[in-house]
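Scroll down for the structure; my scribbles are underneath it.
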Amino acid sequence: MSGSDPTTTGAAAGGAGIPAGTTGTDASPAPASAGELQTIVAARRLREAQSVFIGVGRPSTAALLARIVHNPRLVLVYESGTIGAKPYHVPLSIGDGELAETADAIVSVPEMFNYWIGTGRIQVAFLGAAQIDPHANLNSTVIGDYEHPRTRLPGAGGAPEIATGCREVVVIAPHSVRTFVKRLDFVTTTGDRTTHVITDLGVLEPDPDTRELVITQIHPGVTPEQVQEATGWELKMADELRVTDPPTEAELEALRELVAR
Amino acid sequence: MAELCSLAEAVGELVHDGDSVALEGFTHLIPFAAGHELLRQGRCELELIRMTPDILYDQMIGVGAARKLTFSYAGNPGVGSLHRLRDAVEHGWPRPIGLEEHSHAGMANRYAAGAAHLPFAVMRGYAGTDLASHTNVKPIACPFTGEQLMAVPALRPDVAIVHAQEADREGNVQLWGIPGVQKEAVLAAARSLVTVERVVERLEPRPGGVVIPGWVIDRVAEAPGGSRPSYSLGITDRDNDFYRFWDKLSRDRDEFTAWMEEHVLGNGVASGGGPECRNP
Amino acid sequence: MAELCSLAEAVGELVHDGDSVALEGFTHLIPFAAGHELLRQGRCELELIRMTPDILYDQMIGVGAARKLTFSYAGNPGVGSLHRLRDAVEHGWPRPIGLEEHSHAGMANRYAAGAAHLPFAVMRGYAGTDLASHTNVKPIACPFTGEQLMAVPALRPDVAIVHAQEADREGNVQLWGIPGVQKEAVLAAARSLVTVERVVERLEPRPGGVVIPGWVIDRVAEAPGGSRPSYSLGITDRDNDFYRFWDKLSRDRDEFTAWMEEHVLGNGVASGGGPECRNP
Amino acid sequence: MSGSDPTTTGAAAGGAGIPAGTTGTDASPAPASAGELQTIVAARRLREAQSVFIGVGRPSTAALLARIVHNPRLVLVYESGTIGAKPYHVPLSIGDGELAETADAIVSVPEMFNYWIGTGRIQVAFLGAAQIDPHANLNSTVIGDYEHPRTRLPGAGGAPEIATGCREVVVIAPHSVRTFVKRLDFVTTTGDRTTHVITDLGVLEPDPDTRELVITQIHPGVTPEQVQEATGWELKMADELRVTDPPTEAELEALRELVAR
């Protein structure tokens, strides 16, 4: 559960949202929502991955989608101790029975963190957060003062050690000034290993030198101005701002079929 | 040697007001029935300990039974916030609650150190976070390499309560599926209670089975359905609808209170297993 | 991702002269076939690591393949001494050998720290013994309670070799029965080889089954009978007579050498499994 | 294996030895050997015990005998990870298949030492050694100088932490000046928790104040002089030196039946 964004965990795959990107043929289904596109873009990041650490919600949906469309050998690891889970349904919790029943191995939680997460064995981690700052540090603890919080969030969960233990971190977060803030109210998780931040508007990557997030890719139909407006600091743009490849029919159909299961 | 007795007796004998109590369970096998029995017996001033406090602790905190929560992730898994916990932390209702929070890795290592009866564990973690300055951890250097790591203090709850699928008549317990930190919690605690779906003549070894010998457990109590709306793999299913229902119900103090009175606290009806505990 | 290949290929690719090599197995599942293959390929100057070096290491040390032994109990289980090891330590035959010794608890914690990629582990141990001053451990104080404990350095072998009952074609491995420290050894090592009794289409989950996913293993090689005269629970039996036979045979340098030449080193005959390896 | 005396592990239950103690009836079988009596006396120490940690050889035989004659609920724990093993045969090694097949639970070796042995959960530990000193410290490492040993022994095994982790330690050792020495060549294991030393001549217990071993009990037919002669230091005798109850028919028959299995 810590591996997921508390603000997205309710909606398994994005559900409603502004349409963004289409498959462009007459026979095509309804255009992808922004949430669907975000999930599809996240799944693409797992094309070459050997293993991924995921929480519930969009990360889980993206990883399942990747197994269907791109990478059937992808190993899914959940902090509940299930290694190599192959759930047919998108799980509601990270401890659903289907994860245990389909896993290659199940280990205790201490073993999961000590032998598996902390050691760099897992290649990619998907994380969410309530707040993210320009260096991809994350807050999932409190909004406001720690002692007298305006909003008490669920807390760290596995995130701090997932973010330092897995080889690369991909953050999946909704793009808004509420989430993309200049200064975190609380640093729950550091952004040192973050390689991509995938939002419903585009993709950010850290500058190799400064480690500050740069928008490198925007989704079809999104403007750079929209992205800046949804970001709580002056966002750096890549020299060559790519446009996200629109979802293929295969991706969109597989995603919708997956969510409908 | 584990004594088999009723849930009411077990809770009455093992748990005292003011105790630190770990009702563990990692999404799977959460001991709802035992937690509800604790509330019915009016236990209060508890320090509640759990990596993943969810609806059960939301209920216990919502009725004011806890003075403190020690945890690493307090959410309604896959759904959202724990509204009763938030109300206690944000507005002090029905009473303020102290928080001691860690990361999952920190809590897991604290339990493991507790199970080993060591005073602390060493890990790589908390580095660069604000957690380190808001909780009880201390830097420690490797005496061989000089690397800076983090020490976390052992967890040694007064009482651990966990739920499992089966016990035999000697009190040997077997659980399977996601094992969480339940074994560690039992071994770390001064006293322990295991509630089980059923008592069997003989534990049949199973794939993924984790056996906790009866001689390290104080009480075993039969509580069929005792993990609902969580689940006991192979016996009951997770009631995902109830988790979603709770998100709505628990937003309102009065609705929460009325629901708890009717379904948990009133007239000694066993909860967790019965239809009372389900989404109406 | 584990690559399935022959034992000879696996050993040839993974083990180099001078490596630190842990051929683990706690009485059960000792990788005799792999150790013999290592000797046939002439690997030398090895640091041999194992909690319980027994006949296999006695053989490897007796032919002079090891420069060092890191261990906690070097005996012929239930029978007596390892005569080849004693000859090396007491008389330097066929060459002197360095020793680094720990207690079992120390070695187990060293492996666990290695599997967690931590530089050390903390334990209560070695206190009051002469071991502490003859091996590599350091006192460490609990930063919370001040209690004095002992730190042991992580074990990170160059290569871990273990034996298991089964693997599937993806290289996922399952072993059952006494699990020892085999999982820790594989996870602690830079490279790893698992020999198995058989390759199956699909791993059937079993009671007590420990599964090591193929993606953390480098090579898997089929070696039926590869743990004999040790055993693979459910498939082969421990050859207790051979352990007693070894006690007699290994007392004499010439008899040992002739036996090794005939049964292990000569003409590439796979040992461990065949009748060659049994008490004549 | 560490829990057993390397000098006794070869003989499962004592085998040959001087006769000592008889059951005293005409119909009785051959009188008990000193080794058999030692095993029987060790088994009696487990009458009330809940759990015992054992190695192979005489300790294992004694614990199995105790389960048959005195205490069927006795939990046997072996360092191989088998908890609650109920072997029918006296095992040759601490990792015999029968231990795994009959155990209530099997755990990894790290778990065995960290969660079970180190915590005082196991009530009694039976240990052996090549040398024992007046304070019940044990040597199972070397005879002679560590760097240039006259005899290299198997080493510590689990003994150091078993001796400090279990609640009480019972040492089982052959009584001779070779074993009972004034000064150990190497302290492998400390004697702080030792409550009894059971030999083939009698039983020693530490003085409550000085912790020095005192002979408190001698086996039938053994003289105090014999005991002193077999001890490498001036041995203190208890004011009231008890004589070991001779083996009962039930004990002796059960032992012989067990060893013959």
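Going by the order they are written in, the chains are A, B, C and D; count residues from 1 in each one.
Simple rule for what comes next: a residue touches a chain if its C-beta (ideal position, glycine included) is under 8 Å from a C-beta of that chain, and two chains touch if they have at least 3 such contacts.
Predicted model only: the values in this text are computed from it and were never measured.
**Student:** Going only through chains that touch each other, what is the minimum step count from subunit A to subunit D?
**Tutor:** Minimal hop count between subunit A and subunit D: 2.
**Student:** Pick the pair with more C-beta contacts: B-D or A-B?
**Tutor:** Spelling it out, more C-beta pairs touch across A-B than across the other pair.
**Student:** What is the distance, in whole Å, between the centres of subunit B and subunit C, each centre taken as the mean of its C-alpha atoms?
**Tutor:** 40
**Student:** Nearest whole angstrom, what separates the Cα centre of subunit C from the Cα centre of subunit D?
**Tutor:** About 28 Å, centre to centre.
**Student:** Going by the touch rule set out above, which residues of subunit D reach two or more other chains?
**Tutor:** Residue numbers touching two or more other chains: 114, 118.
**Student:** Which parts of subunit B, given as residue numbers and ranges, touch two or more other chains?
**Tutor:** If we look for residues of subunit B contacting two or more partner chains, we find 112, 118, 123-124, 183-184, 208.
**Student:** If you connect every pair of chains that touch, what shape comes out? Choose line, ring, star, complete or other.
**Tutor:** other
**Student:** Could you please write down every pair of chains that are in touch?
**Tutor:** Taking the chains two at a time, the touching pairs are A-B, A-C, B-C, B-D, C-D.
**Student:** Using the touch rule from the top, collect the residues of subunit C that touch subunit A in their complex.
**Tutor:** The contact residues of subunit C facing subunit A are 1, 112, 115-118, 172, 183-184, 187, 203, 211-213, 215-216.
**Student:** For the complex, give me every residue of subunit A touching subunit B.
**Tutor:** So the residues of subunit A in touch with subunit B come to 1-2, 4, 6, 9-10, 56-57, 79-82, 91-97, 99-101, 106-110, 112-114, 117-118, 141, 146, 149-161, 164-165, 186-190, 192.
**Student:** Within their complex, state which residues of subunit B touch subunit A.
**Tutor:** 26-28, 51-52, 71-75, 77-82, 85-86, 89-90, 101-105, 108-109, 111-112, 123-131, 134, 177-181, 183-184, 208, 231, 233, 237-238, 240, 243
**Student:** Within their complex, state which residues of subunit D touch subunit B.
**Tutor:** Against subunit B, the touching part of subunit D is residues 50-51, 75, 83-84, 104-105, 114-115, 118-121.
**Student:** Touching subunit B in the complex: which residues of subunit C?
**Tutor:** 118-124, 136, 138-140, 142-145, 147, 149, 151, 153, 205-209
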